[in-house]
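Going by the order they are written in, the chains are A, B, C and D; count residues from 1 in each one.
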Amino acid sequence: MNMIYIVFIVLLGGALLTFFANRISGLLRDTFFLLTILATTVLFFTKIHIGDTVSFTLAGLNLKWGLDAFGWYFSLIVLGLGTMAAFYALSYMKGKDRLGYFYFSFLISILSMLGILMSHDLVSFFIFWEVMTWSSYLIVIYSGRNVQKNGINYILLSALGAYAMLTAIVMVYANIHTLSISEMINTYPQFSHVQQVWLPVLFLMAFSVKAAMMPLHVWAPGAYSDAPMAYTSVFSGALSKMGIYGMVIVFVSMISYLPDDTLFKETFAWLGAITAILGTLWAIAQDDARKLLAYSSIAQLGYIITGVAVGTDLAMLSALFLAALHALFKGTLFMAVGAIERQTGTVKFTEVTGLIRKMPWTFIASLLAIIALAGIPPLGGFVGKWMLYESLINSNHYILVIAIFFASTAAFLYCYKFLFGFFLGQEEKEWENVKEAPALMVLPMLILAAGTLVLGTFPGILLKPADAAMQTLGYASTEGHLWSMSILFNEWGDQVLLRPLVYAIAGTFLFFLIILTVKGWKNTRYVSTKDISSSGEVPLEYENLTFSVNFYQPFLRAVGPVMKKRMIYYYREFGSGMEALFDYSRRIYNGNGQTYAIYVMIFLVIILLFKNSIFG
Amino acid sequence: MQEILQYTWGALVSFVVAFTVGITYMGLNRKITARVQNRIGPPWYQNFFDVLKLGSKETSIHHGVMQHMGPAFIMVTAVMSLLIIPILNDNRFFPNLNFHGDLVFLLYIMVFGPLGMALGAGQTGNPNSAIGVTRGLSQMVGFEIPWVMALVALMIQYKTTSIVDLMNLQAETGRWLMFTSPFAFLAAVLAMLGMFRYAPFDIVGAPQELASGPMSENGGKYLFVMMSAGSVFAFAKLTLYVDLFMGGANNLIILVVKTFILYLIPMLYGIVSPRYRTEQAIRYFWGWPSLFGLLAILQAVFL
Amino acid sequence: MEFKLFDLSIVEYAFFITAVLIILIGLYGALVKKTLIKIVIGLSVLDAGINLLLISVGYVKSGTAPIFSPALIKDMPLTLENIKKLSEGMVDPVPQALVLTAIVIGFGVTAVALSLVIRLYRHHHTLNIDEIKNLKW
Amino acid sequence: MVGTPVLFIAIPLLAAFLIPLLGFVWKESVRILPGLVLLYLLYLAVNLMGQVAHSGTIVEVIAGWAPPWGINLVFSPLTGLLTTLMILMGFIIWIYSYRFKNIDFREAVKYFILLLMMITGSVGIVLTGDIFNQFVFIEITSISAYALTAFYKGRDSAEASFKYLIIGSLSSMFLLLAIVLIYSQLGTLNMADIADKAHLMKPGFKILALIFFITGLGIEAEIFPLNGWTPDAYAQAPGPVGAAFSGIVVKAGVYAMIRVIFTLFDVSGTHQFLIIIGMITLIIAEMAAVKQDRLKRMLAYSSIGQMGLVIVAFGIGTEEGVFAALFLMLNHAIIKSLLFLSGSYLVYNSTEKYIHETDGLAKHLPITSFLFALGAIAIVGMPPFAGFWSKWSILSAAAHSNMILVIVLILSVSIIELVYYFRVVNRIYFFPKQKEVEPKRPTINALIAMSILGILILVIGFYPDSVTGYLHSASQSLLEKGKYIQDVLSTGQLFIQ
């Protein structure tokens, strides 16, 4: 039996076993869960090789699964983050109920993502896409908060996207009578002009929903913040990347054929940039850490979309690199929020402060992730952002550069808010007894955060598979070509130019740190945060010195006009309008049997009147 | 090894130069401000005493690791900017880590230190620090827009992202960019007003209101390092402007003259201005300066 | 056998017109009258009209009963031609069979309807169909 | 040969009359007998299906009168498939309702007789080859359905039943009118014979007859605006009867309508008419379903919508379209029955059957809730469950006929459908339980019945090839009109010779 089947069977069987083991004992369930995900990861990376395929027939359709370098790159994200999140979940979810259900959905969503990456035909792609939707939906509603609002929003928009994709798929199937993705791409230039425009539009609709692009992003803040944090890291880190995966395929294989005057790429690049800007602004306004990170995810995906849409070699490389990096740092951050939620019971910046001394490891992981997110050298985020800027400048998208730059500068605001809100500031009595999260939660965070650190100096680790993925997509590219793409890479061959800078930074930092530490070492002592000077007075015990409400009020006042109404407001208006219409329409059934009989007669009379035009 | 030693020596010298000049400028600022306001004011070398006093003071308290590291962060920014920005045209002595694309790198490294310091300020637990930080960050988002626009305009116009290239270009043609790209210069200079945080953009530290904001819990060695870093950073920024728009400098004297002339702009503007609130400041930067930035880009694209 | 609807005599027309009239009366009763009993009566009238229409289709003027009695057959061999010849002048038996069935069905439906009316009256204490609208929308 | 098609009608009718008699001897036999009958018929149907696949359509002549004079039963791949489906659904519903009216013996006798009659009538509608005979079976089905709708005395069931009865009487009137028209023109009642001679009819009469048929059968097939009775009847009938309505009775109605349109007449424009009317039915029903506050009523509207979709698929008219329609009929029978069966346990002790009374029942009725959720996910067409494949085949059939608008409309409506089903599922799983609601644990036989349906959903979902072969031959047999005529009439010629 082919290894591809075995991986899927292991995942599905493991999911079912985990689900049923829940009835027997918690330990058995956890064991099954962990074994399944580990076995999948090991099998996948040792036994499945790039180029393996299997094909079979189902319901008269030829289905084909296989792995290529592009899929492999994304599988790396899925399984890497998935494994870490699985370890994290064991500890995070301890003591909650419906665990069988949670682990089952978790594994099924991993399965569906692998399935998407391995599908070589449209039907299995769609099937796995939908499985991904409902399995993640199950987790979104797991907590039971706002299921009717956020859950329905999520499933509704996902369905909108999925059905757009389904329309495109049946259009393709009717045209070329085959479902193979590569066939579709090959025959795309021969499609009629209308179809050439509509196909990518429909596909991109589906993908932009999952990638949370404006204006289809409205589900994301609610869904990301409602899912348990152990899964949200996968949700935002890996699942949203499936949208990016699809977008890359569509952009590379379809839109590049369209004539330039359709402005397709420009529109999309701008939508990505607007997503980044608005996502950032809304993130700044949040007081709930989960919401903040959710909007931040939307914004980060906006950068990636821009990179994909611009589509030059370097832009694509940066998008792929950022996609993996986003998984690393956003995974870490969501896990950190989860850790804080578990230890303190709240995730509001306005409630919890001063955790740095209580949860130092969580703080270190968050700090690294935040630095990577902000794109500050020397961490990995900078490399990705750099490539993006460079590709935008080289391809003459100047205004876009400014938009992206604005978004990433404004991102510092919420980055600071995250760190300050949780870890810094006054150490209040209320949180005196908070302990560091268990090792099983801290370690995955630290490992992921360390990943961003390593990638800052050695991005080649990730750029090589990304380059291989791009070769699969048809970018004429060799390894030498890759290194000559960006000025960051050119002189050191396989490593970046930044190294001496990194050494200089580290050297300077350490030098001054040592000065600061050595000077007056004996005399300097730690004092609590209550012991501060406030205009010469010593603050009293009861004085509230925590600053966390209306954190960025001045800034939000300045950008007020753009943030008056949220996009979801318009959706809500539309939705309630539709519901009113539906409510009105059912009044046709007014309950009177005689009226129904009269309907029958009216129906008959109408048909009789128009029988000549109906039955020509 | 020889090379590294030489670089380190050069770095030290440039640091000392930048420190001296920066502190002097600050002293001059106090003096001139006083004269304009019809006071006598402290002598121009007063700031040297201040720094020396801070450096020699015993520091007895800190509020945690981040606060302890904060000044080091800001120092990294100052030193790195100094290392990346070429100090003199065609210089042999001063170390230079610049590379193609250092403009973008600089944009990021310039916010690295303030953020690090902001973390330190945050840990002190003084609400004034945090309020100051939020104001500072918000204002930064404001002035980064015209600043980036100006830089992007330069990048478009001269097809390079390297400072050295821009300096060489000015040396070759003999024309300063402030004349060939006037709008970019205007936008950059207006953004500089925000960078220096003198009035009307001094709400970040607003001494009367916030007890000097982010700095408020720091004293002794911490404030010493911060002040030093501030002066070095100020000099580095002025040098950058000189390099970009005023043709650089062939020796230190010319550099000092040009930087001082530039420095007069935020200083004099500040003396005669009241204080903006944060949102007013942000809107200010997104008004005329950004318009100039846009004009600069249009000029770069179409001319 | 050739069956035609419209080349018929006045008498045969009379059947059709009567049948259609009865159907219309039945429809009127079922669709306009508000009382449940009247609606049921209307439905029964409707049934009767349809049955009349059905039977009139098979009507042959002054036809005989469709029975191949020994007297009729005598000693003719039962070939197709002979059967055809014999059956000319007989009324068509099929509609009669149909009508019988239809009447039985109509009876059943009326019985169910009336029992329902009783139940409705007990439940709602009214026979006005406009007031029996608990189930709607 | 294990048996002939006539047994499908004869045995259950006989059993229906024997039930009360045997009940005097042994009370339990009232419950057991229908099951035995249905089990035997299921065995018979499966056997005959194998035989049909092997050696072609079986045509059985009743009482020695050969077609076109006598009544004949046709067991073709199409009718065989539907018969098997109906008997299977009947059997599952019998398992489910084995303990129904456990205490009240007289009620149980009535229930089982009527249920058996309804199943027989529906099977008869499908099997018969004679339009008047079909009319009789429709009436048998309808009368038992009226009675079953009014089964519960306390509720508003009599009202629902009476509405059903008014509309049903109109339906039978139109059917008889159509039959009169055809008989007066062609002098025959045999479907194959009518199909053979249809071109002899005057076009005006032909269309008139078609319109009467569409109106009459459209009432049974629940097309808009002839479906006023449907939500009331579904909502008021006992749970298993609702399942039987959506799984058995409607299917027979749709079959009759499709047989008339595809085989009896071929009038141009009918297919477009089907698409339009199906589309309107689908849209209005799904729109009405969104704002329902009663569970079974919502399911009823959903059922109407699905029937609209079936009619649209038939209207596409290609082999693929017919295949898709039959696939959807199959899936809908299974899934909607599951929804009705599990749903009626969720609102078991409630008089008003409000949706909010199901809040938080997942903790108390885990398996029932799970099966309901499975059905909801399956019916909106989420892969990898059964509903997806039928939706896929409908869409691809529409795409092959270049009906983009139809695709867009179907998918838009699917989104509406998704919303209201998921709202209910969310309530069941995540809302706090209402205090006054007392959940009723399902009996073991009910659990077995629901589980069978759940397993069927999974089997078809993961391995659609298990049914597609039958569906393909069924759809071919519907479209090969000439073969149908020949199959039936050749029996008659054989008989004469």
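Operating definition for what follows: contacts are C-beta pairs under 8 Å (C-beta built on N, C-alpha and C of every residue); 3 or more make two chains touch, one makes a residue touch a chain.
Note that the structure is a prediction, hence the values are computed from the model and not measured.
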item: Chain occupying the middle, per Cα centroid; value: A
item: C-D or A-B - the one linked by more C-beta pairs in contact; value: A-B
item: Geometric centre distance via CA averages, subunit D-subunit B, whole Å; value: 80
item: Centre-to-centre distance between subunit B and subunit A (centres being mean Cα positions), rounded to whole Å; value: 37
item: Computed distance of Cα centres, subunit C from subunit B, in Å; value: 102
item: CA centroid of subunit C to CA centroid of subunit D, Å; value: 28
item: Set of subunit C residues in contact with two or more other chains; value: 30, 39, 132, 134-135, 137
item: Multi-chain contact sites of subunit D, meaning residues that touch two or more partners; value: 159, 162-163, 166, 170, 231-232, 288, 291-292
item: Multi-chain contact residues (two or more partners), subunit A; value: 586, 589, 591, 593-594, 597, 601
item: Chain-level touch network, classified as line, ring, star, complete or other; value: other
item: Pairs of chains, among all present, that meet the touch criterion; value: A-B, A-C, A-D, C-D
item: Interfacial residue positions of subunit A with respect to subunit D in the complex; value: 57-60, 123, 126-127, 130-131, 133-134, 141, 144, 147-148, 151-152, 155-156, 159-160, 163-164, 166-167, 170-171, 173-174, 579, 581-583, 585-586, 588-589, 591, 593-597, 599-604, 607-608, 611, 614-616
item: List of subunit A residues in touch with subunit B within their complex; value: 354, 356-357, 367, 374-377, 382, 385-386, 389-390, 393, 396, 398-399, 401-402, 405-406, 409-410, 412-413, 415-416, 419-420, 424-427, 487-488, 497, 500-501, 504-505, 508-509, 512-513, 515-517, 519-520, 523-535, 545-547, 551-552, 554-555, 557-559
item: Touching residues on subunit B, where the partner in the complex is subunit A; value: 58-66, 68-69, 71-73, 75-76, 79-80, 83-84, 97, 99-101, 104-105, 107-109, 111-112, 115, 118-119, 122-128, 130-131, 133-135, 137-138, 140-142, 144-145, 148-149, 152, 155-156, 161, 211, 216-217, 220-222, 225, 277-279, 282-283, 286, 297, 300-301
item: Complex contacts: residues of subunit D adjacent to subunit A; value: 159, 162-163, 166-167, 170, 174, 207, 210-211, 214-215, 218-219, 225-226, 228-229, 231-232, 267-270, 272-273, 284, 287-288, 290-292, 301, 377, 382-384, 388-389, 392-393, 395-396, 398-400, 402, 404, 407-408, 411-412, 414-416, 418-419, 422-423, 426-427, 429-431, 463-465, 468
item: Subunit D residues touching subunit C - in the complex, by the definition given at the top; value: 132, 136, 139, 142-143, 146-147, 150, 153, 156, 158-163, 165-166, 168-170, 172-173, 176-177, 179-180, 183-187, 189, 205, 231-232, 235-236, 288, 291-292
